[in-house]
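Next up, some structures in structure tokens.
One chain, chain A, links the two complexes that follow: it is found with chain B in the first and with chain C in the second.
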Partner chain A sequence: MESALIGWSRAQFAMTAAYHWLFVPLTLGLGLIMAVMETLYVTKKDEFWKKTAKFWQKIFGINFAVGIATGIILEFEFGTNWSNYSWFVGDIFGAPLAIEGIFAFFMEATFMAVMYFGWKKVSKGFHLASTWLTASGAAISALWILVANSWMQHPVGMEFNPDTVRNEMVDFWAVVTNPVAVSKFFHAVTCGWEVGGVFVVGISCWYLLKKREVRFARKSILVGSLVGIIGTFAVMFTGDSSAVHVARYQPMKLAAVEGLENGGPRAGFSFIPGVEVPGMLSILATHDIDGIVPGINDILNGYTDNEGNVIPSAGEKMEKGDIALAAFQDYRRLRDTDPEAAAQAKAVLDENIEYFGYGYIDSPEELIPPTGILFWAFRLMIGFGSICLLVMVIALYLERKNRIEGKNWLYHTALASIPLIYLAGQFGWMTAEVGRQPWTIQDLLPLKAAVSSIDHTAVITTFVIFAAVFLFFLIIEIKILAKAIRKGPGIDETLNQ
Partner chain B sequence: MITYEFLQQYWWFLIALLGGLLVFLLFVQGGNAQIFSLGRSEAEQKLIINSTGRKWEFTFTTLVTFGGAFFASFPLFYSTSFGGAYWVWVLILLTFVLQAVSYEFQHRSDNPVTVKWFRRFLVANGLLAPFLIGAAVSTFFTGSDFTVSKDAMGTITPIISEWGNSWHGLEALADFRNWIFGFMVLFLSQTLGILYMLNNIDDAEFSAKLRIRLRSTALCFVVFFLGTAFFILTAEGFACGNGGVITLEKYKYLHNFLQMPAVAALFLIGVVLVLAGIAEGIFCEKCWRKAIWPAGIGTVLTVIALFLTAGYNGTAYYPSSTDLQSSLTIANSSSSLFTLKTMATVSLIIPFVLAYIVIAWRAIDRKSITREELEENEEKY
Partner chain C sequence: MKPFRQILKSIGALYVEGFRGMTWGRTMWILILLKLFILFAILRIFFFRPVLGGKTDAEKSEFVGTMLTSPSHNDTITLKH
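On to the complex of A and B.
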């Protein structure tokens, strides 16, 4: 398969996914924040909270449309650009996508309309339930797409069927409760809470800077920072379990993220090149200072893992992959004419099926993802996320101590932290996805065996079209958001002070 | 006893149901297409956008779920058609993506030129999406240029589904039957759009205008519908015989209707309901406001019947005109027994989903939209 086609197909998917993730976390975080605010309105019967919730719902609505518009592109691209993938693993991968549509999208679409247009058409209780259901719909949607994504990182619950030439699901619950999916779901959703918190605190600080909507801004900082701080601690907790999973199921990704050429026990963690804490990587990856963390060379040459299993070298895996592919061809050729020989071929295939994907790999070097990008993406994710946590903690502390007014340095910092938290999210996904290369599905299906057969110029054309559309949307989106924010909630400052 | 064959048929029925709901919900696109031709003033354009526009997420979600359900239950169709008819799907996708943001953006923008452009995007979606979806579904009866070779997975650079030409789906436009099908869906969407607005907008002057437009739009729909029905009933179809061998069979789809009387009845009831809805909208002075319901239900039933005749009774629903044996049937393209069974359990929630949609829809549509509401309310498009 030509490399240009693979490159452009990857670029198109990466661009769409990265762009989609600009909108999704705010939907997740702001959804929770506006639901909390509306609950305060209903329980306290205070019009102030109604107007506050309505303002953030307006922002939510502007952001939401682009989020779902770009989500559908991803769904289509699995078919348009990754046709082989769609058949080879569609039996497993399609199910979460369909469930996402049935369970989550209809919930979001139905109750979003009630939330947005229904203030004067339905009761308070119905409206509040609709707001919570809209926010929940977004989280449920995240659950199913992350189940699908996690399966790509750590495929479980399936068997290869050489008659249908695909992997088939044999254990639905293994797919849903995949440990990678559990931590990834909570990691992504609570990352959304952090984004929502940072966004609300940043925008509220802008109002304080302009000495406008003071009560609205302070109360929004209170709710936003609480949600954001809780979210960030949850992100840290789930990030820890994610690291353990990566070490266990995708050791090459971890080695590349750390730029670790030769690993072993008591592996050190570099905050930046040259600043290393001995043993820390072993603790992070295995929760044991003596835990073995294999480096890139160990993985290519073979090593013994923490459970004492001997992991074959890349060369051995490729040999077994070649055997699996040849056995598969034999089985397909013989199954109608010579059942006995076909059964033998099937036995060889079953014996080597674990390494089937390696049959498509040309050289061990292909198995190394780009280390430089991963090293920095991971660190920038953590660094930017930590700065944002600090800003929210300070904002919350000053607000509770009634000392937040007049703190221009905080207002500017909080505003500047909005792009930082978006970048943190982008770097997080970059770590997860670039680190899986060259696989679309870890150890099972490399890019070259997953891509559609289209002329690469067609993919370049659609890449350019999508890039232009995305840029256009982003410009308009930012303009409209800025206009809505400039206009403000228009809350009477004397209302229920 | 739940057999593999039963589950394949069950899932094809669900695909047909989702397809039917999707075509009904294309009334949103029908409204979009007529923003400028029906809405002569800003107030009228706002009425159209706020009437059908408030339901755009349902159409969009149904499209996504339709795609997801196809992926989960018939992944070989997903990989073959999406990866092959690349340009058709990308065009459909683009028009829906532009539509998704245009409602919000045209409402929030101050610049009249920008507002007009976003409304043009809505019109483009209203015209192109129903036509292209119709043309794409038409290929279920007319065939497409592809081959499928699962053995290819054993090679170093595997290509399972290969499209036969570089037009990647656009070549379907060389077949006039796909045009007729596309135009039928286009005018159906506009007819349904008008009927929905008659139900949803409380404005005597505008309603009178809608009812006049309904005559010409519905006439165009009926003409193209008759053309489509003629070509399907007289077409040579793609029959799947013993051992999955595909052959051409004269009048295959007519035979399907005759051999599946329940499907034929579904089709006839659907057509009668659509025509009754149109007649109510045009002629009934007391009931024109409710004409969308028989027409909408009729649309769903008719589309279900068309899908069932395309896939049931030993028929290849996605035929290959290049290599008959590469044609996709519900048997050779479906997911495994385990996945279909799991998804069948999941599908039990669909009635619950439909129920809450009906409740929320009724709550929002209880009061019809008026010009006054749009002037006073902040929550609008």
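On to the complex of A and C.
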């Protein structure tokens, strides 16, 4: 059973990450939408598009201001609650985060200033470039964070140094071009486009419901739904490649998401319990209906994968983990007194290092993440995302057919879609992160070894403080956003019509 | 081409006049500063002291190495050998 210390440390990290993810996707999506709108202003020379872009830039700014620095709290938690982990990951984690801080953040800060202050100071072209660079800076920030996260899901490009007890980067490009990072980056960014699209369509429908800012709302629906629909299809495409990577590198996560106890070829996918499409899971995971998808029991007992590799059982991995951990202890004990014996111990450690974390696993059952949470989180992510896609397609169709006015049912549905798309994003991260339990770093470091040896009541205290601070800022953001939206863009309806 | 000093002056003016002319942005800056104060002046100092803070790299390696291999120092792990 998980200790109170691990439970509270996980809860605090999950709460902080979930809170951070409330702001990031809207920054990513709204960034693109406002850039497209400003491009329309520059190309069409229509003041209406300038005012429209400026309104959404204001909303972008409010969201950015409240979201800013929420990610820094995660770094506090690494140092205090997860100190073993923080040291063990070494420069693998530090390098991408440093690049994010120096390059992407300053890029955003510089060009955002031009975007907000430079309307009358710089040329139209330079201003437009600054808006695009602000939007791109947000995506580049996300890239480095996701590179760090993906390394935990599929560690590559490093070597463990038993002297420093750190993983040292030996191949920067292997870390950056980690296939998990590539698909996760595009999946997260395009998810942001969907969030941005749903948000803009929902808020625009509110104006139509109130019979205000009609031209602004209809044109915003046009741009927002197009970005959102393209984003959603890209989310599906990148989600498909994510599934293939999960099947290859984290098969237990996939088996747990499907609740698949015994796998094999032609594995079925159930949309809800009892409604199963035969062979669909094999197609999703391997792009081949005859592809083998191992179930939970197969992974625990050992199996042969699609390339013919024999994958050891959990018991065998645990034995190799014990050997690796014992060799690590021997190396530390002998390195100053008996260099030859220490070298032998290091050779044994290197041979078994890929199973290092299994040395901390007490029973194979510990390797199974919570299947119920994963099963429903994954399906709710897909379900809510699909509802939002449908709403955007209907809104776009009615707008193009000039039949969108007076459709109160659509306005209410579009507004209700805003919380749904946020929930879809949260469920997506829940699937990714709960699914890799018990690992902080896949196969190398489980939670129990990663957590700091501190008093769990201290973690409870900071959890409560964070919950209160987060709630305070969230209420303020929603109030400021609501005020800005109620005030509206104030566009003259006859402007350049 | 503008001389370098003139470019710097223009950049400075962009920021100074931009901040001076802010309307809703003022509220957002107050919010950002308040948040940064809570994070760095309260939470970071009083509640989030890094466990490895104040140690040299060698001491950090030794400390974490012990934490990863010694259940007597770290009660969240058990070792089977």
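As a convention for this text, the second predicted complex is superposed on the first by the 491 of 497 C-alpha atoms of A that agree within 3 Å, B and C clash if a C-alpha of one lies under 4 Å from a C-alpha of the other, contacts with A are read in each partner's own complex, and residues count from 1 in each chain.
Note that contacts are C-beta pairs under 8 Å (C-beta built on N, C-alpha and C of every residue); 3 or more make two chains touch, one makes a residue touch a chain.
Keep in mind that what you see is a predicted model, and the values were worked out from it rather than measured.
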First (chain B), second (chain C), both or neither touched by A:A11: neither
Chain A residues touched - chain C or chain B, whichever exceeds: B
Partner chain in contact with A:A65 - chain B first, chain C second, else both or neither: both
Chain B versus chain C as contact partner of A:S3, first or second or both or neither: second
Touched partner set for A:I465, first chain B, second chain C, both or neither: both
Partner chain in contact with A:Y360 - chain B first, chain C second, else both or neither: both
Contacts of A:F103 with chain B and chain C, given as first, second, both or neither: first
Contacts of A:V348 with chain B and chain C, given as first, second, both or neither: neither
Chain B versus chain C as contact partner of A:F111, first or second or both or neither: first
Chain A positions touched by chain B in one structure and by chain C in the second: 61-62, 65-66, 68-69, 72-73, 76, 79-80, 83-84, 86-88, 113-114, 116-118, 121-122, 164-166, 325-326, 328-329, 332, 359-360, 448-449, 452-454, 458, 462, 465, 469, 473, 476, 480, 484
Of chain B, residues touching chain A in the complex: 54-55, 57-58, 60-61, 63-65, 67-69, 71-73, 75-76, 78-84, 86-87, 89-90, 93-94, 96-98, 100-101, 103-105, 108-110, 114, 150-151, 153-154, 156-163, 166, 168, 335-336, 338-339, 342-343, 346-347, 349-350, 353, 356-357, 360-361, 363-364, 366-367, 377, 379-380
Residues of chain C touching chain A in the complex: 10, 13-15, 17-19, 21, 24-25, 27-29, 31-32, 35-36, 38-39, 43-44, 47-53, 57, 60-61, 64-65, 67-69, 73-81
For the chain A and chain B complex, residues of the former touching the latter: 1, 61-62, 65-66, 68-73, 75-76, 78-88, 90-95, 97-103, 105-114, 116-122, 126, 130, 161, 164-166, 168-170, 172, 325-326, 328-329, 332, 359-360, 448-449, 452-455, 458, 462, 465, 469, 473, 476-477, 480, 483-484
Complex interface listing, chain A residues touching chain C: 3, 5-6, 58, 61-62, 65-66, 68-69, 72-73, 76-77, 79-80, 83-84, 86-88, 113-114, 116-118, 121-122, 162-166, 322, 325-326, 328-329, 332, 359-360, 362, 448-449, 451-454, 458, 461-462, 465, 469, 473, 476, 480, 484
